[in-house]
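Next come the structures, one after another.
Each of the two complexes below includes chain A, the first together with chain B, the second together with chain C.
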Partner chain A sequence: MLIFTLRRFSLFFFTLLLLTMLSFSLSFLFPGEQLINLTGQISASPEQLAVLANEYQHHSGLLGQYISYLKHLFQGDMGYSMTSHLPISNEVLNRLPATVELASVALLVAMFVGIPVGFCAAIYHRKAADNLILTIAMIGYSIPVFWLGILAILVFSIQLGWLPSSGQISLLFEIKHITGLQLIDIILSDSPYKWQAFQDATRHLILPVIVVALAPATIFMRLARSAMLEVLDTHYIKAAKAKGLTFSQIIYRHAMRNAIIKVIRDIGLQFANLITIAMVTEVIFSWPGIGSWLIESIYQRDYTAIQGGLIVLSSFIFIVHIIIDLVYAALNPLAREPRHGT
Partner chain B sequence: MARDKIYLEEEFPTPLVQLWHNFKQPPVVMIGFCCFLFLIALAVSANIITPYSSVENHLDHLLLPPAWSDDGDVSFLLGTDNLGRDMLSRLIQGTSLTFGLSIIVVIASLAVGVVIGSLSALTTGIKSSFLNHFFDVILSIPSLLLAIIIVAILGPGLENTLWAIIMVLIPQFVHVTRNAVKEEFAKDYVLASRLDGASSIRILRYSIFPNIIEKLISQATLAQSAAILDIAALGFLGLGAPIPMPEWGAMLANGIELFYIAPWTVYLPGLAILFSVIATNLVGEGMRHALKVRKEN
Partner chain C sequence: MNLIDIRNLSIKLQTSTKPIFAVDRVNLTMKEGEVRGLVGESGSGKSLLAQAIVGVLDEKWQVDADRFHWRGNDLMRLSAEERKAIISKDVAMIFQEPMACLDPTTTIGEQLEEAVDVEQLTGYFWQKRQQRKLAAINLLHKVGIKQHEVCVKSFPHQLTDALCQRVMIAMALARRPMLLIADEPTAAMESTNQGQIFRLLASLNQLKNMSILLISHDLENVTHWTNTITVMYSGQFVEAGTTEQIFNQPYHPYTRALVDSSPKASRMIPNKSRLMTLPGSIPTLQHLPIGCRLGPRCPRAQQKCVHAPKIKNFHSHQVSCHFPLKDNYS
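Right after this comes the complex of A and B.
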């Protein structure tokens, strides 16, 4: 397990290195002066620019520039936003938690809905239930997410008036910013209206989570269905049947555990897709996350913000990949070392 | 007089013909395939069959509901939008933008991806390892974020979003091609032609490509549904097609403010996107099913 972890971390390191190279080269590709794109100091005087050029080793070779860029990154300095003139790292820290909250709740919902439904489909293979689930799955991942979001707002917020349509929490509640994750902050806060605030935040969370989770949930359904079908076809299931176990015993004790491992392996790949969906959803629901901030910074040509957002969002995805890989390896001995048999 | 077959002839259909035989079995897939062909026909003949021009304003028919509602007018079958433009004409014209362009995008990225993918399958050592990791990094960046970055470099506009989506799709094709080529290269028939003295390029051209083309087509359908959704999403965010263009995503964004008084301006483009993505996905599904059946036999 140790070697596996180390190998994963070295890969992670390598990936981050490539990512910083990509983001560094972006500062050359974006329109405008490279140094200004990198630092975001759009209204700097010539003297300040000279200081910055010295700081970023602008006159040495490309490698030197890249290394000094890396040094700045390690100190948490990603430059200043071209529009708000605030440090990018502050802006990101303010907004990333909202995205993390939305994405992780949606991922959990998608898993806990999608995987069991997929198992059901596999158990009723080629029956009415299976066909119904496959049809729903097909529609679910074909639906354009912005359209779904608008429809959800129209039906549940405007016509039925059940759920709020935008934002993270009602402005009436004042919650101190501790971790940035709204739900955890509310629990940690000592406001007398804690419970009401919690309810309100949950109500704000429901619609965006459903919109984000729908497409990944349908993909998990299909993954779970094919994993379960594969497992039900194996010899050890036949052996269990021959042993005289009942069908539910086979499913719960043998098939489900083995099938779920196969699904977990693919969850990481779906996460980038989920973040894409979350970015659009944030725009529609005015969710104060990093996705809506990034799209906003495109409209305003805030190139420094785009570079920072790329690094932070992609590293978040890589970290989730690693966590899922480690969970997978912990659950499945075969993934750690081949000597555990085939 | 009919001539019976005198000799017992064994026929070996090419992989593509085999694929077609298996593909046309399930009726659902055929329905999807017909819808797909219908959309292609619409996209090609959009300019000829639309009743009005997509930008023509009918100022005395603003926000007309579809013909089946009481206030509708049958000469505007699907109603009009806030500037009195005929929705039906705009939707049909939009087919050639959103759906038609997605096909072009996929073909372009397929071509580039296959070339890079087969080259990377042929290389070994550090070079190939670097290429693999590089594309894996690109693959794990959210596609929309990557497209947005490329749009930021090139500037907004329909043409630039197309370039962006082409570049976003290339790594997927590289990945699939590389894996498929490597898998085929390990097989015996490749060894046989290698012993005949064929060069790697020749093996690729005559032995491997005919055998992996169906995998590429199946990946292409997946990529196409993603491309439709991405073109529409960028149009919706205002980064793609400019507002007067009848691109489905931009039409949807245009209708949002009127959603409450004229819901059809939002329902219809959304349904059009949904319809075309489902048709594409059905074709892709049928393709994968056919591949699976072929593998089992």
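Right after this comes the complex of A and C.
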């Protein structure tokens, strides 16, 4: 298990290295001066530029420039936004937690709805329930997210007036920024209206989470269904039947765990997809997350922000990947051992 | 009293055009304490028959029989649940590829513990966990695994095939079955391990009077361990009798060919001579011949063979052939 973890971390390290290379090369590929793209200081005087050039070792070779860029990155300096002239790292720190909150809640919802429903479909294979679930999964997967988001606002916020249409929390509540994760901040705060604030934040969360979770949930349904069908067809299920276990015992003790292992592998892959959906949803619901910020900075040609956001968002996706891989290894004894041959 | 008595058991696969009889009217009787071999080529329906007895066949197969008695009880009259209750209490089965038959994500100990019969445990519920553990370790000792501590904690992929098969046997023993169905328990195993597994089964038979239905494609090997043998070909009953009768005086041309095809040390065979074989190969399920399915390959086939033969009984030596080789031995 230790070796497995170390291997994951070395993979993480090298992937990040490649990502920084990509981001570094972007500063050359974007139009304009490379140094300005990298630092985001568009209105710097020639003297300031000279200082920056010295700092980023602009006169040494490419490797030297790259290493000094890495150094800045590790110090948390990702330059300044070209439009707002604020440090990128501050912006990211302010914006990322909202996205983390939205994406992780959506992922959990998608998992806890999609996987059990998929298992049900497999258990009632070739019956009405199975067909119904497959149809729903197909429809849910085919609905484009931007359309679904607008439709949800139209129906639930405007016509029915049940849920708020935008933002993370009503402006009435003042919550101190501690972790950045709204729900946790509310619990940590000592406001007398804590409970009301919590309710309000949850109400704000419901619509975007449903919109983000729908497509991944339908994918999980189909993955879980096929995984369960595969497991139910194996020899050990037949042997368990011959052992005299009842059907529910077989499902709960043997089939579920093996099927979940097969699904979890793919959850990591789907997470990148989920983040993309979350970015679009953030724009629709004016969610103050990093996704909408990144899309905005693309519109405004804020090259420094694009580079910084790219690195942060992709390392977030990769961290989730690694966590899921570790969960996978914890559940599956076969994955923990080092592979030789085969 | 017969332990199990099956008459005309058929297993059919419903296709779009016509049903295919993968197993066609097979008889099987076993006495208590008997070790019976069920021999046939691959695809002769012996595994299907065994799985039909235990009731673990997929839904796509339809099973029906004229008679299915278990220790005098007519199981055909019972509902599916009652049948499953009786069968899972008294009949256990072990499969080929033991490693694939153990849940790869659960430890051996947990899998053994869940096989332990609840009725055998006494005491209050807080004592039961401990008792289950003890029962599981006892089962491991019974099949000759002494290092139970290591074994209980390991996962199936950490054990060898032979050890896994022992664990499977231990699980089968958990309910103290009357009948153990062993479906090619030693396929793809080394010969020393094969011998160990067979010796273990033989000792279980002798010590606990447990009947064993030993399924195999290897007639030669099976004869060392069985009292009686049933031979099947392409889903049809061929011949049944004591091991001596089948091995020394087979009445059916197929059994004759099967015995002749295996080289024996006692018989002198000149170098590079061909072994006795039947022409052709076993028919596929889509193209089964009518009547006796051996017909197209049989050296003694005549016009009559397009009708399925009736079973003839010579002193408890049953043979399903129009022209048995009875007169050859006198």
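Everything below uses one rule, namely that the second predicted complex is superposed on the first by the 337 of 342 C-alpha atoms of A that agree within 3 Å, B and C clash if a C-alpha of one lies under 4 Å from a C-alpha of the other, contacts with A are read in each partner's own complex, and residues count from 1 in each chain.
Here is the rule we go by: a residue touches a chain if its C-beta (ideal position, glycine included) is under 8 Å from a C-beta of that chain, and two chains touch if they have at least 3 such contacts.
Bear in mind that the values here come from a model prediction, so they are computed numbers and not experimental data.
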Room on chain A for both chain B and chain C (clash or fit): fit
A:I261 touches, of chain B and chain C: first, second, both or neither? second
First (chain B), second (chain C), both or neither touched by A:Y80: neither
First, second, both or neither for A:F220, with chain B first and chain C second: neither
Touching partner for A:T276 - first (chain B), second (chain C), both, neither: first
Which of chain B and chain C A:Y328 touches, first, second, both or neither: neither
Partner chain(s) touched by A:L310 [first = chain B, second = chain C, both, neither]: first
Touching partner for A:W287 - first (chain B), second (chain C), both, neither: neither
Touching partner for A:F198 - first (chain B), second (chain C), both, neither: neither
Overlay on chain A, chain C to chain B nearest C-alpha distance, Å: 14
Chain C-touching residues of chain A, taken from the complex the two chains share: 234-236, 238-245, 249, 253-254, 257-258, 261, 331-334
In the complex with chain A, residue positions of chain C that touch it: 51, 54-56, 84, 88-89, 92-93, 95, 97, 100-106, 114-115, 155, 157, 168, 171-172, 174-175
Chain B partner contacts - residues on chain A that touch it in the complex: 11, 14-15, 18-19, 22, 26, 29-31, 138-139, 141-147, 150-151, 154, 158, 272-273, 275-276, 279-280, 283, 294-295, 298-299, 301, 303, 306, 309-310, 313-314, 317-318, 321
Chain B residues touching chain A - in the complex, by the definition given at the top: 133-134, 136-137, 139-145, 148-149, 151-153, 155, 225, 229, 232-233, 236-239, 249, 252, 256, 259-260, 263, 266, 269-270, 273-274, 277-278, 281-282, 285
